[in-house]
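Okay, got some structures for you below.
Here chain A shows up in two complexes: once beside chain B, once beside chain C.
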Partner chain A sequence: MEPQTRTEPDERAPFVVSDSAARRRDGAGAEAGPLGPFPPAAALAATLAALAFAAILYAWLRGGGSIDLPWAPTLGLRLHFRLDALGALYALLATGIGAAVFLYSGRYLRLHLASDGRPARDERSFYAFMLLFAVSMVGLATAQDLLLLFVFWDLTAIASYFLIGFDRHETASWSGALMALLVTGITAVALLVGSVILFVAHGTFSLPEIIAHARPGTTLTVAAALIAVAGLAKSAQVPFHFWLPNAMVAPTPVSAYLHSAAMVAAGVLLIGRTYPLLAQSQLVLDGMLVVGLASMLTGGLIALTRERLKQVLAYSTVAQYGYMVALYGLGGAAGAVGGAFFVAAHALAKSALFMVSGAVTQASDGEERLGRLGGRWRTMPIVAVAGALAAAALAGLPLTVGFFKDELLFKAALKRGPLVTALVAAGPVLTLAYIGRFWGRIFLGRPRQAPTGPGSPPATLVAPIAVLALLSLAFGLWIAPLESLAGAVGSVSLAGKPAGISLAYYLDARATNLIALGVYALGGLLLATYRHWLPVAQGFARVALRFGPERAYVSSLRQANRLSSALHRVEVRDLRRRVAWVLVPCGVLVAAGLLATPTVGQYAIGKLGVGDAPLAILLALAAAAALAATVPRSQLVLVLVLSASGYSLAAVFALFGAPDVALVAVLVETLFALLFVAVFSLLPDDVLRREQSLSVSHSRRWRDPLVGVVSGFFALAVVWGTLSSPVPSDRRVAERLIDLAPAAHGKDVVTAILSDFRALDTLAEVTVLVIALAGVAGALTRRRSR
Partner chain B sequence: MSPSNVLPRAVARFLLLPIGMIAVALFVKGLSSTGDGFVAGTVAALGIVLQDVVFGHREAERLLPVRRAPLVAAVGLGLGLAIAFAPLLFGDPVLTHLPPAEEKVTKLGTLELATSVAFDAAVFLTVFGVVVGIVRELAWAAEREDEE
Partner chain C sequence: MTLLVSLVVATIFGSGCYLLLKGDLFRVVAGTVLISNAAVLTLIAAGFTRGAAPIRPFPQGSQVSDPLVQALALTALIIGFGVTALLLTVAFRVYASSRTVDLDQLSRMEASREDELEETED
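Let's turn to the complex of A and B:
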C-alpha cells in the first residue's frame, strides 16, 4: 500500500463515479436529478426539527421547566429532564443546525444515492436515524440523571453507527462506523462506572443531588476522571481522536451534523454538565488542559497537511474541541462560559464549512482534493462568500462570532501564566493557517483542473450554508443573546454561581487584543510561507499517523478477533463440549461448596407410604426415561424418550396439587417435541443418517458419561440438601403471596403473580419471546438467501 | 389425498373449535382457577399447529389467517408495553394496575374488568403469535430445503 492512502484514510468520495457507476447515474439521475421535486422526507424532518427548535426556544425564554417521572421509585429510577441553560444551548444547537442540515440533505442525499446507483427509498433509514440522533441529543442535553444520561449517550452512538455506515456496501464505510461505535461505546463504560461510583458514594443517580453532596476526595477524583474520559473520547480528543477522521466516510450531511454540532459536542456537553464535580479535582482539570492542548496542536498540524476537504475539517474539529476542553481545564468563570460559547460559535462555522465542502464536491463531479480544485468563486460566488464568513468565524477574525471565542480563550489562559498563554495562542495561529489554505485553495487562483460537473450547486444546498454563515456574522455584530445564554450555561457549570463575563469589542491595547493581533500576524505569515514549512508538518503528520493510537486500536481489534476464534474453537464448535463446559465448572463449584460447609445432618430420608405409590411410579418412569435417553441413535426416538421423561414429571406436579405447573409442563413438553421434529426436518437426511451411524470415539466414550455423572451427582446433592431442610422464609414468602392474591383481584395465585406481582418479569419474558421470533425468522431467511 | 389422511383431517378440523374454546376458558377463568394468558396462548397456538401438521402449512394458511401471526405477537407486546407504561402518565410507577387493591371490580359475567386481565390478554396474544410464527417459519424453511 502506498503511504499516501495509508496516512490519509481512503475516504469514499460521494461523487467520484467509476465508469459503470457513471452509466448507472445517467439512468438513475434522470428521475432523481436536481430538477425533481424536493424529497418530502427531508421536508418533513426539517419542519419537525424547526418546530422543535421553536418550541425549545419558547420554553427557554419562558424560564425553562422540568419533567420528573419516578418510573420505578423503589429502585430510585426517574425520568428527570430539565431545560436549564446548558440543556437549552445544546438542544437548540441539535434542533437548529439539525433543521439546516435536513434541508441540505434533501437534494444532497438524492444525488449521493443516484451516484451510487441506489434507489431513492434508501434515504428513509437516513432520516429515521438522523431524527433518532436529534431526539437523543435533546434527551442527553436535558437529562438530570446519570443513568438517563448514559442511555442517551449510547443511543447517540448507535444512531451514529448507522449514519456513518450509511454506504453499507463500502468496506471503509462500515469499518469507520464500527470504529466510532467501539471507541465511543467502550469509553462510555467509563461513564457508567463513574456513575456507579457516585451512586455508591451518595445513594442516588440524580445529578443535582450528587452535586449538592459531593466533597473533594479520592472517590470523587476517580469518578470525575472516568466521566471525563468518556467525554474526551466522544469529543474526539487525543488519544481517542482517530475515530473522527475515519468517520469522514459518512455522507457529508452526517458530518455537518454529527461531527460539528452534535456527536462531538456531546462530549463537551457531558463535561459541562458534570463540571461542578470535575472542577473539584485539580488533577482532572490539569489532565483536561493537557489533553486539550495536545489535541489542539496535533489536530491543527495535521489539518495543515491534509488534501481531502473533509479530512482538513475533521482534524480541525479535533483541534477546535481541544480548545473547549482546554478552556474547561483552565477553569474559572472564563473557562466555563468560554467552553459553552465556543461550542455554539464552532458549531455554526464548522457545520457551514462541512456543507461548503459537500456543495463544492457535488458541483465538481466528485472532486474533493484541494490540489485539484481552485478558482471556484467564479462558478459559485455565494458559496464562496458564505464559506469565507464561516472560515473567518472559525479563525476568530473580528466582526464574526469567532472573535469572542478566542477572546475568552486568551482571557482564561492569561490567568495561568505566559507558557500556557503561548501554547494556547498557537492553536488559533494554526487555525488561521489551515482554514485560510482550505478556503483559498478551493475558491481562489486559477482552476488547477478544468472543472467538470454541473458547476454550480442547487439552491437548497446553498441556502443552509448562507443562513449559518450569516448567523456567524450576526452574532459577531450583536453578541448579547449568545452572551447571555453562554453566561447562563457557565453558571450551570459553576453550580449556580453567576459567571459575570461580558463580551464586547474594546479598541484599546488590552492583552487579549494584543494576543489576537499577534495571532493574525503569525497566522498570515504561516499562510504566506506555506511551501517552506509544509515538509515539517507533513513529517509530523506521518509520524503521528503511523505511530498513533489508531495502531493500538487496530492491533487490539485483531487480538480480540483471535481470542474470539480461539474460544469458538474450544467451546462452540462441538455441542457436547459446550454443554460440558457449562456443567463441569458448575459441578466443581458445587463440590467446593459442599466440601466447605458441614454436611452432617443435612441429608434426611423421608418416609414412603402406600399412598405415595403413584408418585414413586411416576418418578421411576421419569428416571427410566432419562436413562433410556442415552441409548437411541435415531434423533426422533431420542426426542420422544425425552418428552416421556418430561410428561412423567408433569404428572408428578399434578399429583402434588400444582395444576398450573403441570399444565405448563405438559404444554411446554408438547411444544418442544414439535419444535425438535420441525428442526430435524430442516436438516438434510444424509446428515442425520451419518450422525446416527457414527461410532462413538474413544475419548467421548469415557468423557461424556463422566461429565454426566459428575454434574448429575452434584445437582442431586444440592436438591437433596435443599429439600431436607426447607428454609422457613421461603414458606413465608409463598404464604404472603397467597394472602395478597385477593387484593390483586385474583383467587388464583399463579395468575396474580404472573400478571401483577411479577408483571415486570412477565413483560421482559414476553419481549424476549418476540425477539426470539424475529431471530428465528432472520436466521431462516438468511439461510434462504445464501 | 390418500384415504389414510381422511380421518386425521376430519379430527383436526373438528378439534379446532373445542381447542379454541378451551383456550378462551383457560384465559377467562385464569384469575379464579388454573390457567392464565401464557397457558391459554400456548393451547390456542397448538390448535393452529395441529392444522399445520395435518393439512400442511400451505393449506392451513389458506384456511386460517396464520400469516398474521407476527403481527399478533407485535400487537400483544405493544399492548403489554402500553399497559406497563401508561401509569407513568398519571404519575404512578410502571405497571400500577387498576382498579387498586381493595376496590370493587366491575364484572362482565365472570370476566373481571381490570388492567391485570388486559395484561394477561397481552401475554396471550404474544405467546400465541410467537409460537404460531416460529412453527410457520420452520415449515416454510423445511419446504425450501426440500426444493433444493
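Let's turn to the complex of A and C:
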C-alpha cells in the first residue's frame, strides 16, 4: 500500500469522477430517469437530526442541564455531560447542519452511487457513520471530562475515516481517509498526554475541577500546548492542514458536514472548551495566533489558485479556521466570543457552499473545474442566488452574518497594534477575492464549455442550500439570538466571566468599519486585477505544496511501510528464526537476572535418603526418556519415548504426595499419545518416511545440540537457584490454605483451591481449554467438509 | 534431591529446546510438550514441604505436601494440554494444505507465494 503523492491536486485530483466513471454516469443517468421516491434512510436520518436539534434547542432554552454518572469511580472517571452554551452551540450546529446535509444526501448519494455503478444499498453504511459522527459530535460538545472528550474525539476520527473512504474502490479515496485518520489520530495522542499531565497534577480528569484549580506554570503550559496541538490538527491548521484538501475525495455531503461544520469544528471546540487553561499561558496564545495567521494566509493564497470547486473550499476552510484560531490566540472577550461566533457563521456559509459545489457538479455531468464552468445562473438561478448569499457571508459583507465575524476579528486585532491588525485584515481581503472568483466563474459569464448533464439540480438538492443561505442572511439582519449564544459561549471559555460584547451595525467612522471598507476595496481590487496576481499566488502554492508538510507525511509513511515489509520478511519466512527472536532475548534477560542475583553459597545439594531411591530412579528415567526423544527418526518411537518420559513424571508426582497431579498427568499423557498416533495415522506413509530421511544441514548439525545444551544449563542455573532458597515458614500461603479447606467443604485441599479459592482462575482456564478444543474441532471438521 | 531435580528439569528442558529447533513440525510440537513437562516438574518440586497427600484426614505426625504448587501444576498441565492439542491440529492442517511438514520447504513456499502476491499487486 503506497500513499498517494499529490503535490498538485489540480492536475491529478483524485476525487473527480474519472473519465470512465463520467461515461458511466451518462448511462446511469439515462436509465435512472425520474429519481424515484426519496430514500427512506435519508428521511429517517434527517428526521432524527432535526428532532435532536429541537430537543437540544428546547433544553438549552430551558437553561441547559447535566448528566453525571459514575463510570469507573475507583479511577475518578465520570460520564459527565453538561449542556452549557459551548456545548449547545456545537451540538446545535452538528444536528442542525446535519439535518440539512441528510436532506441533501438523499438525492445526492443516489446519483453518486449510480454514477459509480454501485447498488443503492451501499448508502446504509453512509447514514450509519454520519449518524455515529453526529452523536459523537454532540457527546464531544457536552463532555466535561477530559478522558470522555478523548473517547468522542477518536470516535469522530473513526467515523470520518469510513466517510472519507466511502468510495472504497478508488485508491485515492482510502489514502485520503487514512491520511485524515493518521494526522488527527496521532495528534489525538497529544490530547491524551496533556490530559494525563493534568490528571497527575490535579488528581482528576474533570475539566471544571481542573479549571478551578489550575495555576499558571510550566506544567500547565506543556499540557495546554499539547491539547492545543490536537485541536489545531483537527481544525486543519498549518502545518497539519494538508489532510483536509486530500479529504476532498469524500462525497460532497460528507465535506459539507465534516469539513465545514463538524470534524474541523471539533478542533476549535476543544480550544474553546479548554480555553481557561490555554489562556493562562501567553506562550500558547501567541503560538495559536502565529499558527492561525499562517493558516489564514496559506489557505487564502492557495485557494485563489485552485481549479477544482472543492479544493477552493477546502483551502478556504483552512483559512477560515485560521481566523478562529487567531481570534482565540488574540484572546480577551472579543477573541473568545469571536471564535464561537465565527464557528457558527462559517458553518452556515461553508456548508451551503459545499452543497452548491455538489449541486453544480451533479447538474453538469461531473464537471468540477472552474475553467470549464460558467454562466450557470441561467440554468440554476436559485442555486446562484443562494450561493451568492453564502459567498457574501463568507466574505463578511454587510447584511449577512459574516459581517459580524469580521468585525469581531478586527476588534480583537486592534488591541494588539497595527502590525497584527494589518496581517489579520489580509485574511478577509483574500477571502473576498477567492470566493468572488469561485462564485463568478461558476455562475457568471458564458459557459466556457457546452454544458452537458441535466442542467438543473433536483429540488431536494437546492432546498438545503437555500435554507442555509437564508439563515446566513437572517442572522445578518437579526443578530440577537446568535449574539447572545456566542456571548454565553465566550463566557464559558472565559471561565464564567461575562463577555460583554454587543453586536450591531453602526453607521459611523469607527475603526472596525474603516478596516472593513478597506478590506472590501482591496478585495474588490484583487478580484478585478486577479489575472495579474495569479502567477504570484501560483508560485506560492507550488512551493507550499512541494515543500510542505505533506511531503514529510508521505515520506514517513513510506518509510514505515518499508520497515514493516522488512520486518515481515524476516519474521514470517522462517519459523526457526522467529523462535530465535523470542528465545534469544529471553535467554539474555535470564542471564542478566542470574548475573544480578547474588548466588554464592545459595546452591544447596539437598538431602537424598535411601527412602528416596524410587523417586530418584523415576526422575532419572524421565530425564533419560526426554534425552532419548531427541534421537529417533521414526515418529512412532518419538511418541513412545515422549510418553515414557511423561508417565515417569506422573509417577514422580505421585511420590511427591500429589495424587491429583499424578492422575491428571496420566490422563493427559494418554491423550497426548493417542492424539499423536491418530495424527500420524492420518499422514500417508511416504510423507512420514520422507520426513524421517530429511537431511540436516551441516551448520545446524552442531548448532541445534549446542542451543539445547546451553538452554539446559540456563534452566539448571535458574531452577537450582530457585529450589535452593525456600521462603521462611511463617510466610507460607500453603498452611493457611490447608487450614481453610474445611470451610470450603473440601477434604482434598488441592480441589478446594481449584474450585473455591481460585475458582475464577479455574473458570478462565476452562475457557481457554474450550477455546483451544473448539479450534481443534474446527480445524479437523473443515478438512472433512472439503 | 534439589540438585537431582534441577538436573532432570534441565535435561528435559534442554531436550525440548533442541526438538523445538528441528525442521519437522511434529518434533516442534513434541518439544513444546517436553518444555511444558519441565515447567510442571519445577512447580511441583518448588513445594516447601513434601509428605503425605493433602487430603483430609491427614495421617498423624507426618508432614503434608504443599497443596498450592499442586493446584498451579494442575492448571499448567491442563493449559499445556489444550495448547499442544491445538498445535498438533494446526501442524496437521499445515500438512493437509501444503503436503509437507518440513519447515524449510514451508518457508520457501511461503516466500514464493508472497512474491507472487506482490507481483500481482504491482
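The criterion applied here is as follows: the second predicted complex is superposed on the first by the 554 of 786 C-alpha atoms of A that agree within 3 Å, B and C clash if a C-alpha of one lies under 4 Å from a C-alpha of the other, contacts with A are read in each partner's own complex, and residues count from 1 in each chain.
The criterion applied here is as follows: a residue touches a chain if its C-beta (ideal position, glycine included) is under 8 Å from a C-beta of that chain, and two chains touch if they have at least 3 such contacts.
From a predicted model like this one, the values you see are computed outputs, not experimental measurements.
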Does the superposition put A:Pro659 against chain B (first), chain C (second), both, or neither?
both
Which partner, once the models are overlaid, touches more of chain A's residues, chain C or chain B?
C
Between chain B and chain C, whom does A:His745 touch in the aligned arrangement: first, second, both, or neither?
first
Can A:Ala715 be said to touch chain B (first), chain C (second), both, or neither?
second
Applying the touch criterion given at the start, work out whether A:Leu754 contacts chain B, chain C, both or neither, answering first, second, both or neither.
both
Partner chain(s) touched by A:Leu674 [first = chain B, second = chain C, both, neither]:
first
For A:Leu763, select first, second, both or neither according to whether it touches chain B, chain C, the two together, or no partner.
first
First, second, both or neither for A:Leu638, with chain B first and chain C second:
second
Under the stated touch criterion, which partner chain does A:Val707 make contact with: chain B (first), chain C (second), both, or neither?
second
Which of the two partners, first being chain B and second being chain C, lies in contact with A:Ala72: first, second, both, or neither?
first
So which bits of chain A does chain B touch that chain C touches too?
659-660, 664, 668, 671, 675, 679, 682, 747-748, 750, 754, 762, 769, 772-773, 776, 780, 783
Chain B residues within the chain A interface of the complex:
30-39, 42-43, 46, 49, 53, 70, 73-74, 76-77, 80-81, 84-85, 88, 91, 93-95, 97, 99, 101-102, 105, 112, 114, 116-117, 119-120, 122-123, 126-127, 129-131, 133-135, 137-142, 144-145
Sites on chain C touched by chain A in the complex
1-24, 26-28, 30, 33-34, 37-38, 40-42, 44-57, 64-71, 73-75, 77-86, 88-93, 95-96, 99-103, 106-107, 110-111, 114
Taking the touch rule as given, give the residues of chain A at its contact with chain C in the complex, in rising order.
572-576, 579, 583, 603-608, 612, 615-616, 619-620, 622-623, 626-627, 629-630, 635, 638, 642, 645-646, 649, 652-653, 656-661, 664-665, 668, 671-672, 675-676, 679-680, 682-683, 687, 691, 694, 696, 700, 703-705, 707-709, 711-713, 715-716, 719-720, 722-724, 726-727, 729, 732-734, 737-738, 741-742, 747-750, 753-754, 758, 761-762, 765, 768-769, 772-773, 775-776, 779-780, 782-783
Of chain A, residues touching chain B in the complex:
69-74, 79, 659-660, 663-664, 667-668, 670-671, 674-675, 678-679, 681-682, 684, 743-748, 750-752, 754-756, 759-760, 762-763, 766-767, 769-770, 772-773, 776-777, 780, 783-784
